[in-house]
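Across the two complexes that follow, chain A remains constant while its partner is chain B and subsequently chain C.
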Partner chain A sequence: MKDLFLARAVAFNSFSESVRNRFFTLFAVFAFTAVYASVLAGVMAVDQEARVLTDFGLALIELTALAYSLFGVSSSLLKEAETKTIYLVFSRPVPRRVYLAGKLAGALLTAGLMLAIMGAIHLSLLAFRGFGLPEFYAWALAGTFLKLAVIISFAFFVSLFSTSAVSTLVISSIMWTLGHFAAEARFMAERLPGFKGIVFNVFLWLIPNLQLFNARDAAGAACALGPGVIVPAASWVAASYLAALWLLARKEF
Partner chain B sequence: MSGRGLPLLASAVLAWAAGGFASRGYSSPFPPPSEMRVPASGATGDMLALALGARRLFSDLWFIRLMQYYGTSEFCEHEEAAGDPHHHCEHDNFGMGKYPLFLPLARHVLEVDPAFTAAGLYGAASLAFNMERAGEAEELLRYGLKYSPREWKYLTMLAAIGYSKAKNPSAVAESIAPLLRDPDCPVMLKQQAAFLNKKAGNYAAAAAIYADIAATSRDEAYVKNARRELEKLSRRARRP
Partner chain C sequence: MTACAVSFSGVEKTYKRPRLLGAEYHTAVKDLSFELRAGEITGLLGLNGAGKTTVMKLITGLLFPTAGQVRVFGCSPSDVAAKARVGFLPELPYFPPQVKPAAALMYYGRLSGLSGADLSLAVESAMRKTGLEPHAGKRVSEFSKGMLQRLGLAQALLHKPDLLVLDEPVSGLDPLAIHDIRGLLAGLNSDGRAIFLSSHSISEVEKLASRVLIMVRGALAATVTRAQWEAAPGGLETIFVEAVK
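Up next, the complex of A and B:
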């Protein structure tokens, strides 16, 4: 129970730090881009304006939240080590597992809030243009949150062994890309003969299949995220957390 | 904590593998990459569509490209021969022309997102009714049906194309009537249905469709045309 309170304190601290840091500027940029795109979409997409506006907005929400989250996570632990803040935390009875769990929860809370605010801006824009709520909208945002959860926890793990925030950003972005290619990569692996195919299949196990959570993209094919997607998401988040904890435990503070 | 290093690492590996195991049943609803016949100018866009998991967005962009391509007047051979390469020839009937890239572009929209039914219908209707290339329209619809086998709109359109081949405009109009009630129905198809009803002498049905276009479409050209046609039909109705 004590651990839970400690983790909550670390999470809220991490969350409020993120919110103070260029948070609202980002929403202004998002709102401006969305309004600009809506004007363009109205002219070009004609009768498919609702679809184009929805797809553009959801993609923009995802990329904005991804960029902000990765930027925050990749510099978070490094910054705390450089400014020696982490020494203050560890000089108190705060176990490392609790500290890391709090940091992760804070980052996820920030991502969740970003999705909620940008989603609200996007929906008001759709309403302003005379369109209703797309039926798969909540699923799309939920899927985006699961993708972000997987990649944020992975970025925490990477930030503990990489030498700079930039390398964490690059490695995590590559993982994001590979995660979306997982289905295509599996298709290619199935066609590779012999040993090559085995090696490629093993390699595929290292990549989280982010297409599982891509309800935004599969809106026409299968609107809802099945309950089965929670297990892989939780497993990948837990794995990254445990690996990050392993690295954090080996560090001398 | 230091004594728990190895178990921690082992649990991380196990948890990661569990994630992979839990997701092994996933089958993509999208066509495999081998089926994507990417136009040379669009390879980068398609890479981004796959890498960012943004197939829907990029299929929208391809659809906009298709509409821009089809909305641009074609060069006429006689004008090119006369040495005026910048002249665009306006066809008497809107939508007619050769547009050789129409089928590859329309098919590519469905290759990126096969669930984009409105694009499939728009492409098939343009090919079959405006350009009189029923074979290509059927090819496009069959590709759409491969990934959306239960899509009744494609099946209805296939039936309508069959009637159009048999030169039976009233049967075509009748068979596409259920499509018109769908909010996602392309306005071009509505226009076609109104035209066919007018041709078959069903003026009331034609007027109802034109009124619907005038009230709901966001395309100025179609709205203006619908208003013009409504006026003509009301003049005809007032005649003794």
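Up next, the complex of A and C:
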């Protein structure tokens, strides 16, 4: 119970610091511009306007939220160490596992708020063009949130051993890209013979299959995200959290 | 016999800096043994790079010793039971510029396990003790260096620690702020709190501490009591200069 109270304090502090940061406002303006761009693409699609407007907008929402989250997370722990804020935390009775859980929860809350803001902008644009709420829209946003949760927790892990925020950003972006080709890579790995196949298969288990959460692609085609995807998402988040905790527990400041 | 707040026995701390080929090692403190007594003000003097900050970080569990043992109130410094009894002021503490002092203190109070009315009272008391009350409406970005240092001290006092570890508490402050902080530390000590402070200002340590540890290149060069430096011609400064030469 005490740990939960501490984690909540860290999470809300992390969330409010992110939201108060000028970077958040800048990204919100950028998000509005990016989502608004989907109106232009929709107009050009003529009779498929509703679908293009929905799909294009959701894709932009995902990429903008990804960029925002990775920029924030990759420098989060590094900044706390550089400004010595972390001294004031770890010299207190705050277990490192609780601090990490709080930081992760704070980052997820911020990503969730960013998604909600962009979703509201997108839906208002759809309404402006005379279209209603697309079917499974909430599922698409939920899928994007799960993807973000997986990559945010991975970025926390990377930030604990990488030497700069830029390298965390690059490594996490590579993982994001690989995650969208996990099924194709597994298909190829199954066809690789002998030892090479085994090694490739083991390596692929370390890559999250982000296609599982791609309800965005299916939203226009009226197909929902299965509720079963919560399990792999939670597993990848937990694995990244435990790996990050292993590093954080040994880290000196 | 006075109770022991902190004990170092044969402590060594070596930093490892990874390089392209292998690693570079630097021993910051070696074979360090001393005790800090409960309720006493102990000063830590040394030149830059003598290992003062390393010692403070070892006490607060921010660093782990390479060899030897550090105990804080009989526990490991990483133990939450030890941390609950220690307040730490690092050199040049940072607070988010957009927050007000009470909001910053509320956060650190929560991390110290305080909540509800206890938290509000602790914040109020820490702000009053450190003279921050008249500045409660200002944001941290409007604070001078002296006020930031007071805020740093206030966060260390929130949970009424038995031991205060202060790294350069008067560094860069104007004479009036130094005078106020000195008065505050003396008051805290009279309440029974042990204070361990490092400083480059020999005169400040001389005014506050009853015992001083002098570190030279990571080792303890001398332990001097108030009676010793008061009896010595030239006082603590002469003893310090002779120890570091």
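Here is the rule we use: the second predicted complex is superposed on the first by the 233 of 253 C-alpha atoms of A that agree within 3 Å, B and C clash if a C-alpha of one lies under 4 Å from a C-alpha of the other, contacts with A are read in each partner's own complex, and residues count from 1 in each chain.
Just so it is clear, contacts are C-beta pairs under 8 Å (C-beta built on N, C-alpha and C of every residue); 3 or more make two chains touch, one makes a residue touch a chain.
This structure is a prediction, so every number in the text was calculated from the model and none was measured.
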item: Partner chain in contact with A:E184 - chain B first, chain C second, else both or neither; value: first
item: Touched partner set for A:T83, first chain B, second chain C, both or neither; value: second
item: First, second, both or neither for A:E252, with chain B first and chain C second; value: second
item: First (chain B), second (chain C), both or neither touched by A:A101; value: neither
item: Partner chain in contact with A:A243 - chain B first, chain C second, else both or neither; value: first
item: Contacts of A:I151 with chain B and chain C, given as first, second, both or neither; value: neither
item: Chain A: partner with more touched residues, chain B or chain C; value: B
item: Which of chain B and chain C A:L115 touches, first, second, both or neither; value: neither
item: Contact residues common to both interfaces of chain A (with chain B and with chain C); value: 95
item: Chain C contact footprint on chain A (complex, rising order); value: 2, 5-6, 9-10, 13, 17, 20, 83-85, 87-95, 252-253
item: In the complex with chain A, residue positions of chain B that touch it; value: 1-2, 4-5, 8-9, 11-20, 22-23, 25-26, 28-30, 32-34, 50-57, 60, 63-64, 67-68, 113-119, 186-187, 217-219
item: Chain C residues within the chain A interface of the complex; value: 57, 60-64, 80-81, 83-84, 86, 88, 90, 92-96, 98, 107-108, 110-113, 115, 155, 159, 165
item: Complex contacts: residues of chain A adjacent to chain B; value: 42, 44-49, 51-52, 55-56, 59, 63, 95-96, 147, 177, 180-181, 183-184, 187-188, 204-206, 208-212, 214, 216-222, 228, 231-233, 235-236, 238-240, 242-243, 245-246, 249-250
